[in-house]
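After this come two complexes, each holding chain A, first together with chain B and then together with chain C.
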Partner chain A sequence: MSSNVLSKTVRGFSRALGRTLISEQSAHERGLLQALDPRVKLVGMLAMVTTAALARRLPVMLALFALGVVLAVASRLSLLAMAKRVWLVAFAFTAMIAFPALFLTPGVAVYRIGGLAVTAQGARSALLLITRVEAAVTLSTLLVLTTPWMHLLKALRTLLVPVEVIALLAMTHRYVVLLTETANAMFESRQSRMVGRLNGHEQRRLMVNTGGVLMSKTLELGNEVFLAMQARGFRGEVRLLTNFRLRGWDYVAMMGFAALVVTAAVAGR
Partner chain B sequence: MKENELPEVEITDAAGAQVLEFEAEAVRFDYERVAALQGLSLQVKAGERIALLGANGSGKSTLLRLMDGLHFATAGTVRFRGEALTESAMEDDAFALRFRRQVGIVFQNPDVQLFNPTVFDEVAFGPLQMGWPREEILDRVHAALNWIGAEHLKDRAPYRLSGGEKKRVAIASVVVLDPNVLLLDEPTSALDPRSQSQVIELLESWNDGRKTIITATHQLEILGEISGRAVVLQNGAVVADATPADVLANTELLERANLIHSHRHLHGGVQHRHPSPYLRHEHDKH
Partner chain C sequence: MYAASAPCWWMALRRTRRKLFGRTLPLLSLFAAFSFVTMMFNLPLPGGTTGHAVGVGIAAIVLGPWASMLAISLALAIQALFFGDGGITTLGANCFNMAIAGSFAAWAIYRLVSLGAAAESRRRVVAAALAGYGAINLSALLAAIEFGIQPMLFHNANGVPLYAPYSLGVAIPAMMAGHLTIAGVAEAVMSAGLFTYLRRNEPALVGVSPQAQLESAPRSLWGALAAVLLLTPLGILASGAAWGEWAPKDFASAAGRAQIAAASGNAAAPQAAPSGLARLANLWTAPLPDYAPHFVKSTAFGYMLSAMFGVGLILMAAWLAQKWFVREDRSSEPGDTP
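Right after this comes the complex of A and B.
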């Protein structure tokens, strides 16, 4: 991948991430998951993620992934955006990790690349890992995209997650947003001062330097944000204008989640 | 009086003297090993409008943060109405809540202060932390948005606002609590002239004469409008404390504190030298 492409990818990704995280547009859509009480959604989705992580059978993992896709459609999320920002990224990272397993797992050779043999067992392990990660990442992403961040934090708090962890998560969220904003500003500022094209080596050197500066800048800004939150009385406890209230639909969803998790857990053993 | 309105704070004592709001005594503050404040002493009386003047790095922002209990003195003491602002004091929830209710700070960079998904959520953040009833929060947030003329922006993401709008929302997010003390860090820096005067007018309309307003700035042109007392900082210490008129008249002090610079220009082919383009000056006829 050329550094120019890398720079464009990082910029595009950071812009999209910034927009998604800051505006929480998808969390305010009138979709299936958005209509659920955040506590029900949190517990249900986490249980499904755990089931996906523990499942050993490929059809069960594929079914959980397919369920994630259906839920995304029912929650009015763009499948194209999910594919670009979630599935492809998860696939790329997991494939990198799973790649050696193709050759290192002992078993029956099904294909040869040079002197290395891809084994059937290796291919199955790699496929299992990729599917498991895709299913788990899809379900977690659905939870984050369909729930306003502060609602999610409050839901975690009602599940007795300590105040310190909540404060840390609140900070992390703003930190990521700042990171993307700062990254955009730095890329644009660099672009405005560049004449001609840099060669690959120079591009990579610039990217590494930018990464370092970006990290220290956002750390500083993140700290400022936390001070600003403290200055207005934030003590780690999440407070909202709306109180959570379970409705009929939430009880149906609870039963649905329970049935799915039990079925997947039994079938996935 | 509304349930969550602050009780009327005394600004004068029994003898008729103004109550001390803040007292900084021989304060030192180090950022790692660099001293930002060095033996700074300052008293602020209730109801005063003070401008903290100083060049970049003179210690203005640090002093405001110490006064807001966000940083703590390395040596010396900062007191608010007689109570020392220490780390352990701020760890006490009851004290911290009482203090945050009375003292608000507007940061220099509005981007760090605006961390909520919408303008409405941003302004409601402080009242929510105070645990006020829902109806009262809604009333106050709408009133604050109206006051800054931003009711139409309530559903917008703060990061999409212009610089002037961001600044006004940042001010509203603090003023919504109606604190007794307002600390402002460069409230008009990087704003266009119209936004600048809007911010100043907002601050003037908020002050009912009982509020204490401390503004850190290096913009001399707004000094008369925002303050009745000017404190000049240099290298983390107070080097002058006088009326704005006296400070503005002391060009030698202003030049030494790096608040003005020599300014040369041509008039009818004759070169002039003035201490600053911002200070009033007249020309002889050419």
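Right after this comes the complex of A and C.
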């Protein structure tokens, strides 16, 4: 263990900031999903994710996953980026959970490795788990990558999410980016003043104290933001400008989503 | 899980809404953003590993349980929605386990253990560490229970689990091993460290400024904990052996096999116990075999008793720790009135 908790954390920050940029870029591409009204997309995609979560049959989940891939191509998302950011990560995570199920699920043994038997039920269960997660994660990532964050939040109103929550989410997101940059700057300036190695205790103290300073900065910023809001006339009411308008293409998409969800729900039972 | 979280969010919003139009709106958002950023901190832990803290311990201490619940939920929502780091479908469960149950646990543990402690007392730091440790482990336990009951609830006709494939007996140890040793320690280090930092630099925030009154014994808190203790078994009331938690002897008798077959959607059970199970069965004997003391005949009642015994043990430890520290405080700081 060396000082690389610092660089690891800094790398994590740049990854997060990079993702923010990529999402904003891909949301403004001229693709299929980007052209849809955010409300239609939100409700449609959530319905599909729910269908994937409730489906009980493997072919249906594979079909939903394939649909996700087709939609990604149609929305001009890079499949390589999707594979790296979504599919591999979800696979690694789920496979780790699913692997022991091959052996632990009681059932008919189909293959033996040493003293352990892979059961048919175990293999099916692991496959179900992995495809379900892949399908759901692909569909929800498509929603996020093809919709500007502010539009996505405003569309949440259609799901009856309170205005205050939407305002809180919008503000949180904005300051996540700012505070990430602040923390990044603090770590980098500390790193540039460091010679030699810190031991575990010193590293812990460094991380925790940076956290403390960040919290002080956060609270100070909170007060400033409040004063700025006051100055601009904030009187305790949150108003959202929602100027979404449904167009012909959106009605087609609505019907398409409905047809897909009903088909998948019936076939997946 | 969304259904379980919704009423808590609603209550939290109602409680903070009155204040939401003051400083609270930006403060909550910023605190949520802060939690999100600290979740990315790599925290080196004793023993050479690194872990990430959620920050629920310090959030509950600084903001109180309701606002902390909202702040952590917001951070988790941003993580799931925007960064895609947790599924949208699991967000409800994540928030319930970490933000809601975690905030309450952290707040209750901190208040109980630091009860009557002087502003400068070391007991407050210990209380903050325990709050973080307890909150994360409670969250993990809840998650493990949610995983563990899935194969009982959702499996197809062949006994193939549709969602998480593990029974409680596998899910709980697998989940708790990592949290008792790594994630819990990370949270404890973060909570205690931040608490110490804030006490030194922003004492008003953690309620230990000279003006802040030492809180009196919150009797209602003990009452609430007693209620939780009584309600604990509700979640695990189930008759018969849990699916997948069969003992080797269940395979040996015809009646046992019939029961397993019935529970597994009529898939025939093997004549003998799987060899692995038979071997593992003798590996260890739990202090409460099958979670049921010998003198209790009903399995469900045994489960209940064991669960209450477990929670009671934790509470008793907290209570004893509190008593012990109070005495130490009194002897070391004779001028203080607790």
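Basically, the second predicted complex is superposed on the first by the 169 of 269 C-alpha atoms of A that agree within 3 Å, B and C clash if a C-alpha of one lies under 4 Å from a C-alpha of the other, contacts with A are read in each partner's own complex, and residues count from 1 in each chain.
Heads up, the rule we're going with is that contacts are C-beta pairs under 8 Å (C-beta built on N, C-alpha and C of every residue); 3 or more make two chains touch, one makes a residue touch a chain.
The structure displayed is predicted, hence computed values, not measured ones.
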item: Partner chain in contact with A:Glu24 - chain B first, chain C second, else both or neither; value: first
item: Which superposed partner A:Met96 touches (first chain B, second chain C, both, neither); value: neither
item: In the superposition, chain B vs chain C on chain A residues touched; value: C
item: Touching partner for A:Leu80 - first (chain B), second (chain C), both, neither; value: neither
item: First, second, both or neither for A:Leu168, with chain B first and chain C second; value: second
item: Which superposed partner A:Trp149 touches (first chain B, second chain C, both, neither); value: both
item: A:Gly233 touches, of chain B and chain C: first, second, both or neither?; value: first
item: Touching partner for A:Ile113 - first (chain B), second (chain C), both, neither; value: neither
item: First (chain B), second (chain C), both or neither touched by A:Leu221; value: both
item: Where chain A meets both chain C and chain B, residue numbers; value: 23, 149, 174, 178, 221, 225, 229, 235
item: List of chain B residues in touch with chain A within their complex; value: 65, 68, 70, 93, 96-97, 100-101, 104-105, 107, 109, 111-113, 115-117, 121, 124-126, 128-131, 134, 137-138, 157, 159, 173-174, 177
item: Parts of chain C lying in touch with chain A, wherever the complex brings them together; value: 13, 17, 20-23, 25-34, 36-38, 40-46, 48, 50, 58, 70, 74-75, 77-78, 81-84, 87-89, 156, 158-166, 170, 189-190, 193-194, 197-198, 201-202, 205, 244, 246, 260, 264, 267, 269, 274-276
item: List of chain A residues in touch with chain B within their complex; value: 18, 22-24, 148-150, 174, 177-178, 181, 221, 224-225, 227-235, 239-241
item: Of all residues in chain A, those that touch chain C in their complex; value: 1, 5, 8-9, 12-13, 16, 19-20, 23, 46, 49-50, 53, 56, 85-86, 97-98, 100-101, 103-108, 115-117, 120-122, 124-126, 128-129, 132-133, 136-137, 140-141, 144, 149, 152, 162, 164-165, 167-169, 171-176, 178-180, 183, 200, 203-205, 207-216, 218-219, 221-223, 225-226, 229, 235-237
